[in-house]
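What follows is a set of structures for review.
One chain, chain A, links the two complexes that follow: it is found with chain B in the first and with chain C in the second.
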Partner chain A sequence: MILLTNIYKDALIGAIQVKEANLTVSDGFKEEMTALIDKGNKYIVVDFDGVIYVDSSFLGALVSSLKYAIANQAEIVVSGLNKDVSGLFQLIRLDKAFKIYSSATEAAERKS
Partner chain B sequence: MAVSKKILLVDDNPLVLEMMGRALAKEGFNCLKANSANEAMVILEQERPDIILSDYHMPDVDGFAFRQNLIAVPAYKDIPFMFLTSEDDNELMLKGINLEAVDYILKDTPLPIVVTKLNNFLSTVREQHERTLKELSVAAMALNLHSVPQKLPVIKGFEVDFWHKPFQNYPGGDFIDFITIDARYTFIVLGDVMGKKWGAWYFSFGFLSYIRAAVRICIAEGNFSTKSILQKINAVVYHDPVVNDVLSSLSLVMVDTQEASITYSGAGDLPLLYYNALHEELKQIGSSGMLLGLMPDGDFDEQTIQLLTGDRLFIFTDGIIDFEDTDGKKTDYNTFTRAVTPYLNQPFAAFKKSDFLQEKIIAHIDDCSLIHLQKTI
Partner chain C sequence: MPDINTKTFVFDNHADGLYPLVTDMIAYIHQHAQVSEATTQRLKVTMIELLTNALKHASQSATAIKVELTEDKVSIQKKDTGNGLAIFCHQNFMEWPLPGVHHTGKVITIYSNGDATLKANLKDNCTLQFFIEETENTDPVDINTLAEHFGLMIITRACNTFTYYFDVDTCSNNFIISISL
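== the complex of A and B ==
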């Protein structure tokens, strides 16, 4: 399991359980996200708290999950990005594709 | 990388399960345990073991029925399967072999032998996997499939060169191309299919074909806008079922030798680094476009920069800015800026030999690609 899931209000929070989100976990992550969307979750928070590095395979799995979510009228937001990861999101304009929150609870409560 | 040895044990006898589990865990196996075939199916929804070792005699669903159920599911069909049985019965074994079971282990086999059998089997699988990769690599070479150019284009008044290192020397997701239209226009293409190794490499050809086609079509229509080329590529990728689950970044630069300018549009790529020789300053040139295929409208823009003699442009993928220190892996754009600064008054060839790039070869974090363009006259 790459995501530890938890329901908070109407949001499903999936906390990433690895420090390095890379090639070795990206396929598993994509499968878990697909399953969560298939189960009918409409607002999924992917919480990066504790993640220190994200590689392009993992980002690929994240954006491909987003495409699947949009096709299923679901929304994926992200939270808990550290400085490096947040910088990377901005560098490659993923901040335009995902709403970014500082913490999972704020994301679940949709606080801007 | 540590060798993965995840095993799923299926037995209705909790004692056997516990003993086997402990013995295998001691030998470095990560054990998943199920009391029944049904429980095993639930575990398989979440985990993919390297091998399944299942009892034959079980109430409700027996080992054979379990094996049959697995064969019916494409995702589980190929997981190596071994029977654990107390019966030394030829007919039973034959039935099992017909079910594509890999092997039998008799229940009274001493545990060290069970462990050796499993280890041998798993290393055979790995060796086969590596052999297949090698063969694939040879085949790709033979087919002359390259995701990076074999020679550099001649662009009047400019010098262009690149540095490329695939992840662990497998062909990867980065792709580079130079498309020469005529003496005036040359397009520089740098993309990064998200992923590593073969999966990404395979798709890099799909993307490259679309990009080449889009560039040619736009030019043929008299359209020299890198933005509209990106829009065309994005529209195709977004709707194409073959590549729409795979995303790629793209930096597209059109060099115009007559105007001594470049026009740039990007899709989820890293900002280019531009060196203004007159003012001796480095500047990031960012674009607004999102990854190819992510949204129906990629929100692309384009910008044109006039280049003077000595001006340089660095175009690169994220492998160049990934590094590892004592706290683990990191990504920082400024590491590249700092590394290249001392080389700005030297030829690009000198930077190619820099410690910074040489360390990328050793670190092997990701595919690394860097293109350098310089206005020479």
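== the complex of A and C ==
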């Protein structure tokens, strides 16, 4: 299991349970995200708190999940990015595709 | 004669060894040069993606990573004998060295991602240099135009130069990046 999930207010928070979000877990992450969307969750916070780095495979899985979410009228936001991960999102402009929050609870409370 | 520090690291092509190796390479660079936090971030993402590329495509048990520092830049060279860089011409997969002779100056498209396109300038039938062509900047971004593979684009954005070279003598793939200090 890559994500530990819990409901907070109207959001589902999926906390990433691995420190290295890389190609060894990207397929599993994508499958878990697809299942969460299929269950009808409409606002999913992917919490990166504790993740030390993210590679391109994991980012690909995240973008794929976002496309699937949008096709199902759902939203994915991210939280808890460390400096390196935050810099990576900016580098390839994923900060334009995802709303980014400092913490999962802040992300959940900002649900529009 | 300016100082040049060089060290070759060996990646065992196991994911567990990826981040410890990145940490070792960053520590080596910091031993020999003053590097800003922003440059360190660029170095890290470049190393992570070069090693991830090795995990995906290198067929042998180990990959050599050569780190070279001069007064004003860091160069990193990844060398392996796995699958060559996949490029396509009119949807045909191209083998290295590229066939024919009239390659110099030709620009090929690798893939598009949102408002940017990753392209490469062919230097000859064994060498290309990546660059990014920005297209119309849309805000918010059209999610459906985002690619789901980012590795080469991350490296191209993070470094100053990014070159692929196929060595015909050793049949090896060489990814060479440089980042200014």
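One rule holds for everything that comes next: the second predicted complex is superposed on the first by the 110 of 112 C-alpha atoms of A that agree within 3 Å, B and C clash if a C-alpha of one lies under 4 Å from a C-alpha of the other, contacts with A are read in each partner's own complex, and residues count from 1 in each chain.
Quick note on the criterion: contacts are C-beta pairs under 8 Å (C-beta built on N, C-alpha and C of every residue); 3 or more make two chains touch, one makes a residue touch a chain.
Because the structure is a prediction, the values reported are computed rather than measured.
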Joint occupancy of chain A by chain B and chain C, clash or fit: clash
Contacts of A:K39 with chain B and chain C, given as first, second, both or neither: neither
Contacts of A:M1 with chain B and chain C, given as first, second, both or neither: first
Interface residues of chain A shared between complexes with chain B and chain C: 20, 22-24, 52-53, 55-57, 59-61, 63-64, 66-67, 84, 87-88, 91-93, 96-97
Touching residues on chain A, where the partner in the complex is chain B: 1, 19-20, 22-24, 26, 28, 35, 52-57, 59-61, 63-64, 66-67, 84-85, 87-88, 91-94, 96-97
Residue numbers on chain A that touch chain C, as the complex places them: 20, 22-24, 52-53, 55-57, 59-61, 63-64, 66-67, 70, 83-84, 87-88, 91-93, 96-97
Chain B - residues contacting chain A, complex: 1, 45-48, 173, 192-197, 200, 244-247, 249, 268-271, 286, 288-291, 293-295, 299, 318, 322, 327-333, 365-366
Touching residues (chain side chain C, partner chain A) in the complex: 15, 18-19, 22, 37-38, 41, 44-45, 48-49, 52, 55-56, 113-116, 139-141, 143-144, 146-151, 153-154, 157-158
